[in-house]
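Take a look at the following structure, please.
Order of writing sets the chain letters: A, B, C, D, E, F, G, H, I, J, K and L. Residues in each chain are counted from 1.
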Amino acid sequence: MSVVKSALSDADLKTVGEALQGALVDLVDLGLVAKQVHWNVVGPRFRSVHLQLDEVVASARTHSDVVAERASALGVTPDGRAATVASTSAIAGVPEGLVKDADAVRILVDALGAVITRMRERIQSTGDPDPITQDILIGLTGDLEKHAWMFTAESA
Amino acid sequence: MSVVKSALSDADLKTVGEALQGALVDLVDLGLVAKQVHWNVVGPRFRSVHLQLDEVVASARTHSDVVAERASALGVTPDGRAATVASTSAIAGVPEGLVKDADAVRILVDALGAVITRMRERIQSTGDPDPITQDILIGLTGDLEKHAWMFTAESA
Amino acid sequence: MSVVKSALSDADLKTVGEALQGALVDLVDLGLVAKQVHWNVVGPRFRSVHLQLDEVVASARTHSDVVAERASALGVTPDGRAATVASTSAIAGVPEGLVKDADAVRILVDALGAVITRMRERIQSTGDPDPITQDILIGLTGDLEKHAWMFTAESA
Amino acid sequence: MSVVKSALSDADLKTVGEALQGALVDLVDLGLVAKQVHWNVVGPRFRSVHLQLDEVVASARTHSDVVAERASALGVTPDGRAATVASTSAIAGVPEGLVKDADAVRILVDALGAVITRMRERIQSTGDPDPITQDILIGLTGDLEKHAWMFTAESA
Amino acid sequence: MSVVKSALSDADLKTVGEALQGALVDLVDLGLVAKQVHWNVVGPRFRSVHLQLDEVVASARTHSDVVAERASALGVTPDGRAATVASTSAIAGVPEGLVKDADAVRILVDALGAVITRMRERIQSTGDPDPITQDILIGLTGDLEKHAWMFTAESA
Amino acid sequence: MSVVKSALSDADLKTVGEALQGALVDLVDLGLVAKQVHWNVVGPRFRSVHLQLDEVVASARTHSDVVAERASALGVTPDGRAATVASTSAIAGVPEGLVKDADAVRILVDALGAVITRMRERIQSTGDPDPITQDILIGLTGDLEKHAWMFTAESA
Amino acid sequence: MSVVKSALSDADLKTVGEALQGALVDLVDLGLVAKQVHWNVVGPRFRSVHLQLDEVVASARTHSDVVAERASALGVTPDGRAATVASTSAIAGVPEGLVKDADAVRILVDALGAVITRMRERIQSTGDPDPITQDILIGLTGDLEKHAWMFTAESA
Amino acid sequence: MSVVKSALSDADLKTVGEALQGALVDLVDLGLVAKQVHWNVVGPRFRSVHLQLDEVVASARTHSDVVAERASALGVTPDGRAATVASTSAIAGVPEGLVKDADAVRILVDALGAVITRMRERIQSTGDPDPITQDILIGLTGDLEKHAWMFTAESA
Amino acid sequence: MSVVKSALSDADLKTVGEALQGALVDLVDLGLVAKQVHWNVVGPRFRSVHLQLDEVVASARTHSDVVAERASALGVTPDGRAATVASTSAIAGVPEGLVKDADAVRILVDALGAVITRMRERIQSTGDPDPITQDILIGLTGDLEKHAWMFTAESA
Amino acid sequence: MSVVKSALSDADLKTVGEALQGALVDLVDLGLVAKQVHWNVVGPRFRSVHLQLDEVVASARTHSDVVAERASALGVTPDGRAATVASTSAIAGVPEGLVKDADAVRILVDALGAVITRMRERIQSTGDPDPITQDILIGLTGDLEKHAWMFTAESA
Amino acid sequence: MSVVKSALSDADLKTVGEALQGALVDLVDLGLVAKQVHWNVVGPRFRSVHLQLDEVVASARTHSDVVAERASALGVTPDGRAATVASTSAIAGVPEGLVKDADAVRILVDALGAVITRMRERIQSTGDPDPITQDILIGLTGDLEKHAWMFTAESA
Amino acid sequence: MSVVKSALSDADLKTVGEALQGALVDLVDLGLVAKQVHWNVVGPRFRSVHLQLDEVVASARTHSDVVAERASALGVTPDGRAATVASTSAIAGVPEGLVKDADAVRILVDALGAVITRMRERIQSTGDPDPITQDILIGLTGDLEKHAWMFTAESA
């Protein structure tokens, strides 16, 4: 069942829909991973990393909402349920329990890196079929790369 | 590894820790489920339900953070990762794809009901070992019951 | 007709429902009484008492809404109509016409005292059947007692 | 006892005083009635009507304060006590218990209609004796008629 | 020299212009007098009266600007210079030096009373020639009468 | 089809309805004209006139909404469509293309003048049938006359 | 007469100028149409649709200003006058008089659809001659498609 | 009668008191003069000068209040009544009626210059007896000199 | 001398009064200690610890005010004078002079630990005599435990 | 141990350091004393004095932070611990228990007077060695003298 | 030394890095030039140009920060030091000393024109290697072109 | 060419003008240097130092504007162009490329130290010729010394 009659061809819609669904899952998981570390980080840099992680959470939540509503606007039903996120996210697992501050920084560098790599592929694939979707992905990837720089700078 | 030396006995800590971990998972999943329906709802009541669901998301996010940080404050490491949420949540699955507005209301009535039932049990179990945790659970359950009333009233 | 299927037993619901209905009536009337004196007070302390009374009105309005919505959330229909308030309020009548500032202070000390006495009884009766309702009553009674202290201090 | 030496003749003051006292009672009751339905409405339109009613409450509270203080400014003591409201309001009673959403809309159309009819008479009677009072009544009646239009449009 | 070609006849313009010029002078002086007492009041009620007087100043400044700009909008040049205010104000002089709090209240009751009397005459005279000017005068006189009530209530 | 049963007689309603419909068209067009000049003005005074015009736009938009909703509140359906505006506005056409700053000021003096003349007639005609509508027209005409003064002062 | 010496060739400027002028007219008309329905909608969903339409108005007004100022920045004089809008808009007429809520939703689905179709063509044509204009059109079309999804979802 | 027992010797208090009284009168008059021109200015620069003058008014009002309350804090009763201002201000009269924009700028340059000259003398005389008063005068003179620069720059 | 006639028995009042007085002293001293370290901390983590300490100060100030006013509301006179704080606080002394950042963290872990231990005892003792006081102590202890977790996490 | 290499000579630093340490203690104690009276004041003027005292607290807290950080900026370690405050403050003790409103005013007049006397000496001593410190002391003493005037005016 | 491992090839990174470094220098210098004229402009249009220039400063500062942080995010170290800016900026020198208002406008038209020309080249060169950088440059160039239009319009 | 006729003698003006021009250059360069390090800092303390540097930038920008406008107010034309800053700043060069966090702290300690030394000389030289300029320099130097303390404390 689809409510929106899309302006895109079926092939284009499939390409764009997969890009948006993939982006949604990665962003929801990024938010959950960042919160998990936000709660469990320890070490001298606790406060700084704890606060920085909440800025990643805020970015991830804002972008995931934009991406999911873009899918809906094209007539593609987004899927951001926990099981879907758990099974299809780009992010490797984060360990349970306490996380030392230096490890927290490394986990975020890796998680952001994995998401950014897939986002850059999606920017490539969506440009022709739907420049509006591409523009959204360009904007959020720039934001994720800024977060990645900051965590990378802290691991120097 | 635990950083905080808790004021509670081991037995009390186990009881309270399980209550907080369970509450965390239920609240994270409530937020994900409410967002999923927020994106996929259709029908004449779309706008009203769409907006109402974001208020549930805001409540679920605020309360899950308080609950997780209470666990950390007691020396219990909270686990809010997607896989943990997917496998231990109180909420029965929400269907993929579009959701009619009346179904959306019913899904929320059920999801909130399931979470509230378990929260009321946690209020019982935590009163003696840690009244501070109990007070947090009382406050958030009152808030969830207000959301539940509103969705129930809409299904009358 | 009731829309919400309450988690409480019938006996508990009756106890809690009566406490909430009683609290609602007392708080609505407290707001009306405080406004009545707010408009009719005279004397050198006019401005101070006039402003202080509006803070009581704000408290009474906020708490009455919380109490009424708690009743609805439990499946009890709240009744805050003028006739119900006029016939069942805890507050003795306030005289018509102008009120000297010292009398205004005394009227509020008495009105708040009468409401607080009944609220303390409700705190006792609701603790077992519904700790969430009890928590709401504890919070608002603390607020009323702070208002009562301030008017009492002014009558010293 | 009156503190303000009015600029109006005794006859004019009687006319204006009665108009203001009547308006006060109607507005206080409108606020109580709108809150009563706000708490007890059920049905698919619950959220929309619930929110809309709080805007009526806000209007009623703001205007009743202006009207009562206008009376005081003229040396007329306003009476907004519950018993006075219960016995002299323009609004026919609102039923106890739950209210279906369509009934809620109809109750408000009727309540606003009754108050507006009496307000228009007061606008007529106060123009000569006190144009300042008339100007206040004109402004608030325009606001009430806007609320009335909105509820009427929903019953179309 | 006049820039605006008025929509009013010369006779009407003269009537309205005199009303506005008179209102301007009274309001500017009311602001100066209220500030003078604001700085020089002493006595147990110092703080309350000091704050209350600044609310009169705020009203007087706002209304004087509206009145002067209404004159300009009609092509009448307003005159709010100190010498003009000193020689044509409705307000009897305020004594130099310290002012006891009870005297401060009485000075304001008198000053507001004198201004209100002249404003009510201006409301009468401007209704026919320019209802827009009349509407402005009605609004500000209602505000001044509210201030007058409050000071009168304090002298009860 | 009309949803609101008006309190006015048919004749009064016709008078008031025509006044409101005329006012609506004039105000919508005033907003469009002011925006047109806002975008196309050139000359040394560009920035000042550009900003001033957006204040006219804000006034025109606010007042047109109030006027249209007043019509709806009386059961008269307002018509603010482009074709209606183009064919019935009081404002003479504004030239296409760039507008020198001195010309921009003159265009606004003329446009405001034309609208004000018709508004003053509507104030006359609506006073008896509906003082509430008249009060709205008085208020917005005063605002338009203030804008007119400012542009006139700049052309001196 | 043109003040800005454009960085674009004459051919590119013509293409871009026509795209911007077309977009301006469509957006101004979208704002007028949405307001027209905002004032005239009736039916049980009145409030929800009434509020939703004002969000379309806000989008249309913001985007039309950006588009017109982009034209001016390129040396193209934008034309947003009522007659131009009435004769060249993409939107089919909206009927006069009252509009049932379901019809209101359909009118907006159609109006937004017509505008979006033309905007997507403009995105295609402007990419090469002026990527800055294209970026503006991409952003606003994404916003319009979000509005379109919401109205479509309500008609499901 | 003096309420405050000053920390200054009688001679110092006389010096400081005269400086503060003089500063008060100059600042009150500056505010009145700036408002007078604000209302009566005409010419192409009307809007710019009109707005700029209100910034002078805001400065004058803020500083006059600080100066008067400093006098009171030292036990000196400030005198800011219209007649005192009219007879002792440093500012030469401002002509009645309309003021061309270039003349408005010149009037302000002269008025600010006259006040600044006297303020610099007061800074000299108060440094020894009361550095706190001097600090206040230094701060406000710096602000007046900034206003003076801006008007001077406009007359270049 | 006591102004408030307490609702508690003398024995209960003694218990509750001692709990509140003890809590007040601990909280006032916590605020002074946190400020002392805020000013004297040095080391690479200076900025992070400096900011974090001001959040403890804010908590301590807010809670001490609530606790003292609760005592007053019960008719118990709170004592927060420096000498009382210096002689009865739960917190061991903080050294004079500069404090290394790691030491600063340890000082806060110890200070918060000492206060929390005594607060948990007060929660036990006040539950029966006055649940309102207990509710206040539960809330503030939860907040202190959150601060304690954060400093502990930084010492891991 | 000192981290900052001061720009001042050792003798100058000693003078300035003692002035700042003395000012810090007086300001911290002023804040504690004002809070103590804020909680314990009774009498008809309770509300007015209660609010006024919190403004003294806010001033004392703001100024004490500026003074302590100025000391740190010069390499002097500030000491604001309870015992230091209790033993070296300029303020004579405040009695325990309830305080009548007139006594509260007198206590503040005395406390402010004692602090101001010592601050004026510090302004003298710090001018040569460090004009930046002197400027801070001048500013805060002016603020304290304004508070002193207000309490003195109330005791007239 | 580079901390970020870039997703771009070395050749692409060189192209994008040079574009970002060039853009950074131009934007920093634009901010300095606009401030220089902001301080030194004279003439009748002083106030208008003075304010307008601060809007250019705000744009230049915001965009330069985004551009520099984009470079860092790609592993390119940005260089915004005064000497680098002085030697590599696109903007021809601005004369020292006073600047007549008409000259100020011309200086900005030229400065903005020079920067825009180079920005358009950077938009071309960065599209393929890094669409995220291109998107940033498109956005800021659109903003600069809007500023350029406004200054150009003022020189018409 | 000078527009302002200064109140100072030529010799005094030369002294004050040189102090202000020197202060301007130092402050503009401080802002550029702090931004340069803000973008290029790396290491575990990245986030803390990155944020702290933006507070220095904000201070430097605010103070440079005040200083430049003070120069203009005295008739001295300020020079804040890049080349002037590059050649006359008090701050030794900052290295290009990445900066380790500990080095960043040291660079700021040195830069602030160099600027403060020159500012203290300017405070000495300007006191007699222009106390208003001196007051500005005292205020900003106190602010810079607070920044210097914080960076020094981090290097302990």
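Keep this in mind: a residue touches a chain if its C-beta (ideal position, glycine included) is under 8 Å from a C-beta of that chain, and two chains touch if they have at least 3 such contacts.
Just so it is clear, the model here is predicted, and its values are computed rather than measured.
Trainee: What's the overlap between the neighbours of chain H and those of chain L?
Mentor: Both chain H and chain L are touched by J, K, going by the contact rule given at the top.
Trainee: With contacts defined as at the top, give the pair, B-G or B-I, that has more of them.
Mentor: Counting C-beta pairs in contact for B-G and B-I gives the edge to B-I.
Trainee: Out of H-L, B-G or F-K, find the interface that copies A-G, where copy means more than half of the contact pairs are identical.
Mentor: H-L
Trainee: Report the inter-chain centroid distance for chain C and chain G in whole angstrom, where each centroid is the mean of the CA atoms.
Mentor: Each chain's C-alpha centroid was found; their separation is 53 Å.
Trainee: Could you please state the distance in Å, as a whole number, between where the Cα atoms of chain B are centred and where those of chain C are centred?
Mentor: That pair's centroid distance is 31 Å.
Trainee: Just how far, in Å, is the C-alpha centre of chain J from the one of chain C?
Mentor: Once rounded, the distance between the two centres reads 42 Å.
Trainee: Give me the residues of chain B that touch two or more other chains.
Mentor: Within chain B, the residues that touch at least two other chains are 3, 42, 45, 48, 69, 72, 98, 135, 153, 156.
Trainee: Write out all the pairs of touching chains, ordered by chain label.
Mentor: In this structure, the chains touch in these pairs: A-B, A-G, A-I, A-K, A-L, B-C, B-D, B-G, B-I, C-D, C-E, C-I, C-J, D-E, D-F, D-G, E-F, E-H, E-J, F-G, F-H, F-K, G-K, H-J, H-K, H-L, I-J, I-L, J-L, K-L.
Trainee: What residues on chain I touch chain B, complex-wise?
Mentor: Against chain B, the touching part of chain I is residues 116-117, 120, 123, 127, 134-135, 138-139, 141-142, 145-146, 148-149, 152-153, 155-156.
Trainee: Which residues of chain J touch chain I in their complex?
Mentor: These residues of chain J touch chain I: 1-3, 28-29, 32-33, 35-36, 39-40, 42, 65, 68-69, 71-72, 77-83, 85-86, 89, 93-94, 96-98.
Trainee: Can you list the chain G residues touching chain K in their complex?
Mentor: Result: residues 3-4, 7, 69-70, 72-74, 131-132, 135-136 of chain G touch chain K.
Trainee: For a test of understanding, state which residues of chain G touch chain D in their complex under the given definition.
Mentor: 41-48, 50, 98, 100
Trainee: Give the list of chain L residues in touch with chain I in this complex.
Mentor: 45, 48-49, 51-52, 102, 150, 153-154, 156
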